[in-house]
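Once you scroll down, you'll see the structures, which are given as structure tokens.
Next come two complexes built around chain A: one with chain B, the other with chain C.
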Partner chain A sequence: MDIIKLVNATYNYKVFNDDGTQSFAVGVDDVTLDVVQGEFLTLVGHNGSGKSTLAKLLNGLFVPQKGSVSVLGMDTANEKNLFEIRKNVGMVFQNPDNQMVASIIEEDVAFGVENVGIPHPELGERVRWALESVGMEQFAKKTPHKLSGGQKQRIAIAGALAIKPQVLVLDESTAMLDPQGRKEVLSVAKKLNEDFGMTVVLITHFMEEVLQSDRVVVMQRGKIIATGTPSEIFSERQLLENAGLKVPRTIELAQKLKESGWQVEENTADAKALGEMICQLL
Partner chain B sequence: MSIVVKDLNYVYNPKSPFETRALHNVNLTIEDGEFVAIVGHTGSGKSTFVQHLNALIRVQSGSLVVNGINLHDKKCDLKKVRSLVGMVFQYPENQLFADTVAQDVEFGPKNMGMSQEEIDVCVKNAVELVGLDWETVKNKSPFELSGGEKRRVALAGVLAMQPKVLVLDEPTAGLDPVGKHEILTLVKKLNEEQGVTVIMVSHDMNEVYENARRIIVMKDGAVVYDTTPEDLFALEDEIVKMNLEVPYMAQFCNYLRKHHVKLPKGVRTVDEVLKAVNALKGGSNV
Partner chain C sequence: MFRDVTFGQYYPVDSFVHRMDARAKLILAVLYLVGIFFINSFVGFAWLTIFLLTAIFVSKVPLKSVIKSIKGILVLLIFTAILNVFFTQEGNLLLSWWIFKIYDEGLKFAAKMMLRLTYLVMGTSLLTLTTTAVDLTHAIESLLKPLSYIKFPVHELALIMSLTLSFIPSLIEETDRIIRAQKARGADFDTGGIGQRVKAFVPILIPLLVSSFRRAEELAFAMNSRCYEGSTKRTQFRVQKFSWRDVVGVLFQLVFFVAIFVVFAMQDSWAHVSWLYF
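And now, the complex of A and B:
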């Protein structure tokens, strides 16, 4: 079942030139895409490819100038739908420091739930559940300022989760984190997808993060240029490079070894497993 | 032009309940023209250390001598130190402020008191050095440029001061793979062709492995390893224990070496490893 449907969606930005004229910069250009219930979808693209613009179309933060976007059958262009749409599409952004609204973590997580009108005691239960789901329950009474970037992003995810959305959109939520923080956020996203069947849309340009997804969408200059499973996408090395992206190093090596005549699995992402294959061939 | 660090210690908020020891007996020497990476976990003291190098943080105890200037001396020539050591912070594009690229890049040299003729030459050279076309960008607002271009303008602003040492704090954070590659190629070029000493803080071990010729690992304010990329990442278990990543190509080579496959030293990039593996069977056909 499709949860989110984009049909020929276009969104451009207005540019005010020095000479007083106006022009447009492409955000998202004529994109048609279905987000299927329960899938882990990863959206990749170079800086400025339109990934984040597309993310903002998914819950009506932006309304397409041409075409349409609908969530659970509700059109995002109709303002009356927006409350219901945003309850169902939770979003976490890039900068962990910009998303904290309260000085105590459980209050921060409660902010969204309170706004959708959930009464006590369910409010408290949801906050507890959300914090448990991201593994941060022991921090409930603490202040967010002393957390690491990865922990802050997990709190932001908990805040979105407590509203019990159907879809969680992570808009470059790992971009500003160190490797440890990135791992934390990714494993939480994977867990939510597997354990609760939550639909996850992950937006990133770390190609290693693509590996765990069901489906990958590649964007370039506002358009979708490829869709497929991670291994289908990785086999298009040239296409990715033209789009400003790169295949993870291990997969690149595996592919090049195969091209040189070694009988190895070409989409091996684990460097040790690739080493083992070579050892057996020697 | 060398940097000599002896018994450097630093404590934040000394003699208060918030006292935190950030550097602990750091001893090292960085020679002219080196490409050094500093790695370590968040909070390991990397930033505190590099901020000492151009006296943004003053020496509390121990000594730090940059090109013969003793930074422990309260009256040392700060202007001189800061023109020798250029500092590029994280997300440097956030520091762009002027109306045009030319004005932004000339801010540093102007403050250093260069003459207008000198400034014009430095600014143009710096912008071209970072791979931007001077005529196209000089009158553009830096805010109209793409993410990677903005970062290069910010870098040009530091390079225009012609530093002998370039300190970069996570220069590729937030960029897409091609943007990353562009910045690293530029830094490498500065190091190899202009002889600029590069000190780069990074979390990306793959990037460090392929570019740096020396890696300093910091943990809890102390230097725990100071060695070549090959020797460092051969210690796979220790690296993992410190919660750092082992570069993919190092993992691959370590596995082969552990299983008695002989590989030449210094193969670090995908293509170098590929060539080495292909050479094992004396040709490309197996």
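And now, the complex of A and C:
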């Protein structure tokens, strides 16, 4: 079943030039895409490929200028639908510091649930559940500004999760994190997808993060240029390079080994596993 | 540079006063502030000292931390004291030198003024030492709630306060980063006259302003994404409850302050009890 449907969605930015004229910059250009219930969808693209703009179309933060976006059959262009849409599409952004509403973690997580109007005791239960789901329950009464980026981002995920959405959109949520933090956030997203059947839309420019997804969408200059499973996408090396993206090095090595006749598993971003495979071959 | 700034001055221990409801404490603090201005005798201040010392003792906050809070108004204290000593011209002349004349009433008046200001600051800082800024925000929201019936944006006001509080650490960090970045490019903040130093801060303020706007936009997106639509159907996560502690606390303070108000109200008929109004 499709949860989110984009039909020919177009969104351009107005640009005010120095000489006083106006022009348009492409954000999302004529995109048609379905997000299927329960899938782990990854959107990759270089800077300025429109992937973040696309994310903001998914919960009605932006409304397409042409075409339409609908969530569970509700059109995002109708303002009356926005509350229900946002209840079902949770979103986490890039900078963890800029999405904290309260200075105590459990109160920040509660913010969305308060907005939806959930009374006690369910309110408290949801906050606890959300914090447990991202493994941050021991920090409930602390302030967020002493935590690492990865931990802050997990709290932001808990804040979206507590509303119990059907889709979780991670809009470049790993972009500002160190490798450790990225790993934390990704494993939480994967866990939510597997344990609760949560539909996840991960938006990123790190190709290594593509691996664990069911489906990958590659974007360039506002358009979708490829869709497929991770291994299908990785085999299109030339196309990726044109889009300013690079196949992770380990995968590239594995691919090249396979091309020259060696029996190796192609899709491993894990350098250690690949090393062991090579050792066994020798 | 700004790392050691701790916002508010909350002293984290577990005590009777810490556990009191923030709303009760806030009301008591207001009563305290008003009450102080009804004291005009040294006996009254002694009476208040007993109250304040007991409250500090019960709160487990070291006396030193409370006294430290006066540091901020030291200049003001000295200034008002000097003004009052020289410009009150009542009572007996004690000292006369050139154009300066010091009267005993002036000394008394200045001393009372200093005491009043000191106790004002000590009492309110006891509130902030025992109550987190977050609790205070919630208390203010809850106490102002009746105003929302006349369309006063109570919830929005409280939200602005709470957002401000949660963004102070990030803004401090940001300022710190910009200062270091500008220093790395050769900016000089430490030499030159006042004019030059003020000018040197412009390259800090502008990037800070720009980034604050960007933050605000991102925050608005994040809040919208979490279904924020104003105060209409929101529920409250934080449950505030009055307990026996609040009753005890209020009664305790009332004992002291009712006495103060009675002494003030009776000053005409009790004027012959001179020690009470010294």
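Here is the rule we go by: the second predicted complex is superposed on the first by the 261 of 282 C-alpha atoms of A that agree within 3 Å, B and C clash if a C-alpha of one lies under 4 Å from a C-alpha of the other, contacts with A are read in each partner's own complex, and residues count from 1 in each chain.
Just so we're on the same page, contacts are C-beta pairs under 8 Å (C-beta built on N, C-alpha and C of every residue); 3 or more make two chains touch, one makes a residue touch a chain.
Predicted, not measured: the structure shown is a model, and the values here were computed from it.
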Partner chain(s) touched by A:L274 [first = chain B, second = chain C, both, neither]: first
Contacts of A:T32 with chain B and chain C, given as first, second, both or neither: neither
Chain B versus chain C as contact partner of A:E252, first or second or both or neither: first
Which of chain B and chain C A:F111 touches, first, second, both or neither: second
Contacts of A:N78 with chain B and chain C, given as first, second, both or neither: neither
Touched partner set for A:D178, first chain B, second chain C, both or neither: first
Interfacial residue positions of chain C with respect to chain A in the complex: 133-134, 162-163, 165-166, 169-170, 173, 215, 218-219, 221-229, 233-239
Complex contact set, residues of chain A against chain C: 56, 59, 61, 83, 86-87, 89-91, 93-95, 97-104, 106-108, 110-120, 123-124, 127, 143-145, 156, 159-160, 163
Footprint of chain A on chain B - complex, ascending: 41-42, 146-148, 173-179, 181, 203-206, 243-245, 247-249, 251-256, 259, 261, 270-271, 273-274, 277-278, 280-281, 284-286
Complex contacts: residues of chain A adjacent to chain B: 45-48, 148-149, 175-176, 178-180, 205, 207, 241, 244-246, 248-250, 252-253, 256-257, 260-263, 271-272, 274-276, 278-279, 281-282
